[in-house]
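Consider the two complexes below, in which chain A is the common component and chain B and chain C are the respective partners.
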Partner chain A sequence: MDVVSMDKKELFLEQFRVSEGVHGVSKSAELALLELPFPNTREEYWKYTRLTKIQNGNFLLDENPSFEPILTEFGDAFTFNCVNGFFEDSDVKLPIGVQSKVIEEIRDPLVEYQYEFFSALNTAYFTSGIRIKLEPKMKLDKPILINFVSTGNAIQAQPRLEIVLGEGASAAVIINFQNQNATEHITNVVSEMKVSKNASLQVHQLQQSGDDNYLINTTEVLQKRDSKFSIHTMSLEGKILRNNLNIAVDGQNCETRLNGVYLVSGTQHVDNHTYVDHKKPNCNSSENYKGIIDDKATAVFNGKVMVQPDAQKINAFQSNQNILLSDDATINSKPELEIYADDVQCSHGSTTGQLDEEALFYLRSRGVSEKSAKKMLIRAFVFDVLEEIELEVFKYHVEGLVEEKFGV
Partner chain B sequence: MADKLAQQDVALDKHIKSDYKYGFTTNIESDNAPKGLNADIIRFISAKKNEPEWMLEFRLKALEKFFTLEEPNWAHVDYEKPDLQDLIFYAAPKPKKKLNSLDEVDPELLDTFKKLGISIEEQKRLSGVAVDIVMDSVSVATTFKETLAEKGIIFCSFSEAVKNHPKLVQKYMGSVVPVNDNYYATLNSAVFTDGSFCYIPKGVRCPMELSTYFRINEANTGQFERTLIIADEGSYVSYLEGCTAPMRDENQLHAAVVEIIAHKDAEVKYSTVQNWYPGNSDGIGGVFNFVTKRGLCEGSHSKISWTQVETGSAVTWKYPSCVLKGDYSVGEFYSVAVTNNYQQADTGTKMIHIGKNTKSTIISKGISAGKSSNSYRGLVKINKSATNARNFSQCDSLLLGDTCGAHTFPYIETSNKTAKVEHEATTSKIGEDQIFYCNQRGINTEKAIGLIVNGYCKDVLNQLPMEFAVEAQKLLDISLEGSVG
Partner chain C sequence: MLSIKNLKASVEGKQILNGLNLEIKAGEVHAIMGPNGSGKSTLAAVLAGREDFTVEGGEVTFDGKNILELAPEERAAEGLFLAFQYPIEIPGVSNINFLKTAINEVREYKGLEKMTAKDFLKRLKEKKELVELKDGLANRSVNEGFSGGEKKRNEIFQMAMLEPKLAILDETDSGLDIDALRIVANGVNRLKTKDNATIVITHYQRLLDYIVPDFVHVLYQGKIVKTGGKELALELEEKGYDWLTKNEKELA
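After this line comes the complex of A and B, so read on.
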């Protein structure tokens, strides 16, 4: 590493350091930070995402954010609000068998902070965090809603979230990234989800972080045997939006589903990195990411499926499809398979194109205006991903947003 | 059909008896440079070859650049980095006098090629393939030179080209693979000893297949050859390349550079059957095959097609690429890569679309057995200027056994909305129902697998010229021999 980038990294880290020092896991993350270089495009993991703006940014901590009522369209839910990286002290009425607790100290993290700069940054200096735990066999009738709100100018937020499902428990979670007139704001969040034997977790993420803000969202999932996990990631806004989604499937008979839609325009940049690690045999995973890229926006998809030795009878499917709407739009797609077991069925596909001229012509010839025709085709394109969302309030809300984004 | 099968069986049986049939060494005295890599060695090579000043400058510039580079490590392969200071960079078979006809070639050398199954005489009479043979980096014989000369085709060793056609060499050498392209290409630019040169003039369709046979013979040598093919406007050439090496316990290094330039309406078809010594079943020895191959579709409507069958080498690391600069130019890549025992392959292609209406096709079939690792790594890049570019990629992997690995790392970068890019990849094992079907009809499992693998690779094998297709099929069978548990 040259001296200049060393100094820049040091200056960047200086903004996050806490005067009283850190302990335990946070301490080792702090030490890891000294070794890790600031992510740059020479690294394979960050090849397509340039972080110079983040590196040169000046970010402040907003220790007393104001918790104004937050409006969402998700109806009745167990709601936790987190503004500028701090969770609100409120008594969410949770049924017996569900607990929420403030994270004072990180224990047994899933995230491999030793290897990744931003995970280490969060692990060392997280601003606040909560742990939500479901007792075995607990089934929630309402979703858990987590609102991550950013407001103000040049603020740094590093919240941490832990969701633990006991054996046979089941829950739906909505993670909503919202922006209230924030500018030059960075949110670096780490979420860890432990899905025990026979449990089922559905996660829904809506990312509207604003065109002027950065979001780095790392999600670590651990699945035990007979469990089900699904995640739907809807990325709609963000100056730089990076999702690191790592799923370790460490048990037999698991189902894993990853869906994503990214709709980007202007000069937005969305980067989805997913990693499904099949450690045990007899599991299914399927991944479907679709993107529409307009104006000067850039999108990145990097999906990796790993099948470990002896993880036989794995079915893993991965698909990434993209539509470019403008001449200045760019998509970099990198679906990867790394397979060490022979009795598997793994495939991936990736396509890039534009809206089908012939389909457009067909609709036009039947008197549909160009705008509505385009809208129809875009809707049809993302339809199969949205269709898989089981939580209806979320599905309808997202459908509305998709139409709004490319609507009349 | 039955006849054909029976024939294949005979061929298979014959080959199964020997592990690596090209594993002999030839007792030809050779003229070696001292070990090591420095400017003096470069001067020594250049002087040995009576090269003009500009060639020496080219080499020294490359060497200077080389010392600033580090060996890359991003590939999915694991090997002990060769100690370049312990290598001999020049090993020419002796005696090296000027040859006017084949009769003057050292009889022992001719024997070598007979053993290789490429008796020059026979080739000359029967198949009508013009062969240039490169042994330990020095071109030893070129056949059919006169016939080709009548058409204006230049097909000779690289050193001859440097002497006789300096303008062409100066103009094109390094134009597709720049001197500082990558670690091994730069090394090659500094130390290359010989290779083949081929120029097809305007509007000429080369009447026969051109072929180069590469052989590493000496111990502790590296083979660094350079191939330059220039297809002028409206010309066509089909070029074949074959490689073998003796069995040795230490790893040998092969770092070649191949450059192809296709002008307007020209077409170049480049086929490789790579069968370097893969090392023994414990993974000892074998050739490190680190090759840079790139073609430039310079003019409109030009076409470059790469076909490769990779069965040999301990470590293969190569990406034959096409730069589609001319409008309506076409790039193709067909590959079968087989790895067995401890072989490792990280191979694929790069298709860079620059011109309008450019088209590329990638068909890659990987087969891994034993404890080997086989990766496809490819780049499809559609530049902003490449309106209406089209790409189709298909990468399939077949796993035989549960101790090998098959990986796919495609990079797809699109910056033009009119582009249509499709990529698909699958990984699976041979279907049990297919084997059962064959068993049921009296074909034993080993043969059934040979049959299924050959069928699986058919898309690629069909692209090979006939003689090569037969050889490739046999090679596939031998490579997979013993991999069925």
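After this line comes the complex of A and C, so read on.
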């Protein structure tokens, strides 16, 4: 590492350090940060995502954020608000069998912070965190809603979330990244989800943290036998938006579903890195990401499915499809399979195209305006991904947003 | 209603329409016949406003308006309708939602209020019955998984819903079984008024037994080389096109 880049990394880290020092896992993460280079495009993991703007940013901590009432379209939910990285003291009435606790100290993290700069950064200096735990067999009748709100200028937020489902428990979670006039804001969040035997977790992420802001969102999932996990990631706003989604399927008879829609325009950059690690036999995983990229926006999809040597009888399906609405739009798509077992069924594919001209003409020839026709085709393109969202409030809200985004 | 004068059009540098003339008045039914590749679908596409085709010359007025300057949706709003020879499938776009949008945007173009849900449903029911569209088809994605005949019937259903002034049916009869042919033809006839007109492009005289044309035109090498009454179709059925095209070939 040359002196100049070391200085830059030092300067960057300086903004996050906490004066009273850190301990335990956070201390190890702090030490790891000394070794890890600031992510750059020479690394495979960051090949297409340039972070210079983040590296050169001056970020401040907002220690006393104001918790104004947050309006969402998600109806009745167990709601937790986190503004600029700080969770509001919660007065949510949770049913017996569900607990929420402030994370004072990180224990047994799932995230492999030793290898990844931003995970280490969060693990070392997280601003605040909560752990939500469902006792065995607990089933929630309303979703858990986590609002991550960005507000103010050049603020750094590093929240941490843990969701633990006991055996046979089930829950739906909405993670809502929301913007309130923030500029040059960075959120670097780590979420960890433990899904025990027979449990079922549905996660819905809506990413609208503002086109002036950065979001690095790392999600670590551990699935035990007979469990179900699904995640729907809708990326709409963000100057640089990076999702790291790592799922370890560590038990037999698991179902895993990863869906994503990204709609980007202007000079937005969205990057989805997903990793499904099949460690045990007899599981199904299916991944479907679709993107619409307009103007000079860029999207990156890197989806890897690993099938470990003893993980026989795995069905893994992976697909990434993109529509480019302009000549200057870019997509880098790389689906990957790494298979060490012989009795598996895996398929993957990636396509990139334009809106179907013939279909556009057909619709217009019936009197539908070009604008509406495009909207219909865009909606149709992402239709199958949205169709799989079981949580209706989330589905309807997102459907509306898809139409709005390209409704101009 | 429609007046085409010396229309020339090309695609990918190849001239397809070579100075075509055609006059259509309200209340009339015109049949266009002609060998494969003579330019029938090209004429339909140029009229509907497909951008792949370049108009090299001539003019087309529809109710006095130069439609060549209008976008496809504006032509539709002016009352033009094309039933495609090969209707495409559009997965994920529902037939009904799309028709609702089409009807309302046409109304908006004309400065009319949106159609009420009640009126829309009424029209839907009426028109489904008219073309005997199987239950369920209207609710599905546009043509997705439809049989060849069902697609054609869906075209006529859409025509019925949109109530155009001038409908161009491009080989709507091909792929239809005898019963479907009768139903579709019956639909077209029942929609006929003294204010609208129809162009039927077909290869088969049989359709013209059901939809009786006032004029039959023969299109050959991008031009209309003969025009007659409905008996011309019978003559073509018997003799083919050779006797008409010989002249043109000699000239070429």
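The rule is short, and it goes like this: the second predicted complex is superposed on the first by the 407 of 408 C-alpha atoms of A that agree within 3 Å, B and C clash if a C-alpha of one lies under 4 Å from a C-alpha of the other, contacts with A are read in each partner's own complex, and residues count from 1 in each chain.
The rule is simple: a contact is a pair of C-beta atoms (placed from the backbone, for glycine too) under 8 Å apart; a residue touches a chain by one contact, two chains touch by 3 or more.
Predicted, not measured: the structure shown is a model, and the values here were computed from it.
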| item | value |
| --- | --- |
| When chain B and chain C are modelled together on chain A, clash or fit | fit |
| Partner chain in contact with A:S369 - chain B first, chain C second, else both or neither | second |
| Touched partner set for A:T352, first chain B, second chain C, both or neither | first |
| Partner chain in contact with A:V25 - chain B first, chain C second, else both or neither | neither |
| Chain B versus chain C as contact partner of A:V98, first or second or both or neither | neither |
| Touched partner set for A:D310, first chain B, second chain C, both or neither | first |
| Which superposed partner A:L325 touches (first chain B, second chain C, both, neither) | first |
| Touching partner for A:D342 - first (chain B), second (chain C), both, neither | first |
| Partner chain(s) touched by A:L13 [first = chain B, second = chain C, both, neither] | neither |
| Touched partner set for A:S333, first chain B, second chain C, both or neither | first |
| Overlay on shared chain A, then closest C-alpha pair between chain B and chain C (Å) | 14 |
| Contact residues of chain A, present in both the chain B and the chain C interface | none |
| Parts of chain A lying in touch with chain C, wherever the complex brings them together | 356, 358-359, 361-370, 372-373, 376-377, 379-381, 383-384 |
| Chain A-touching residues of chain C, taken from the complex the two chains share | 48-51, 71-73, 75-77, 81-82, 84, 87-88, 90-93, 97-99, 101-103, 105-106, 109, 141-142, 158, 162 |
| Chain A residues touching chain B - in the complex, by the definition given at the top | 44, 309-310, 312, 322, 324-354 |
| Partner chain A, residues of chain B touching it in the complex | 74, 382, 384, 397, 399-429 |
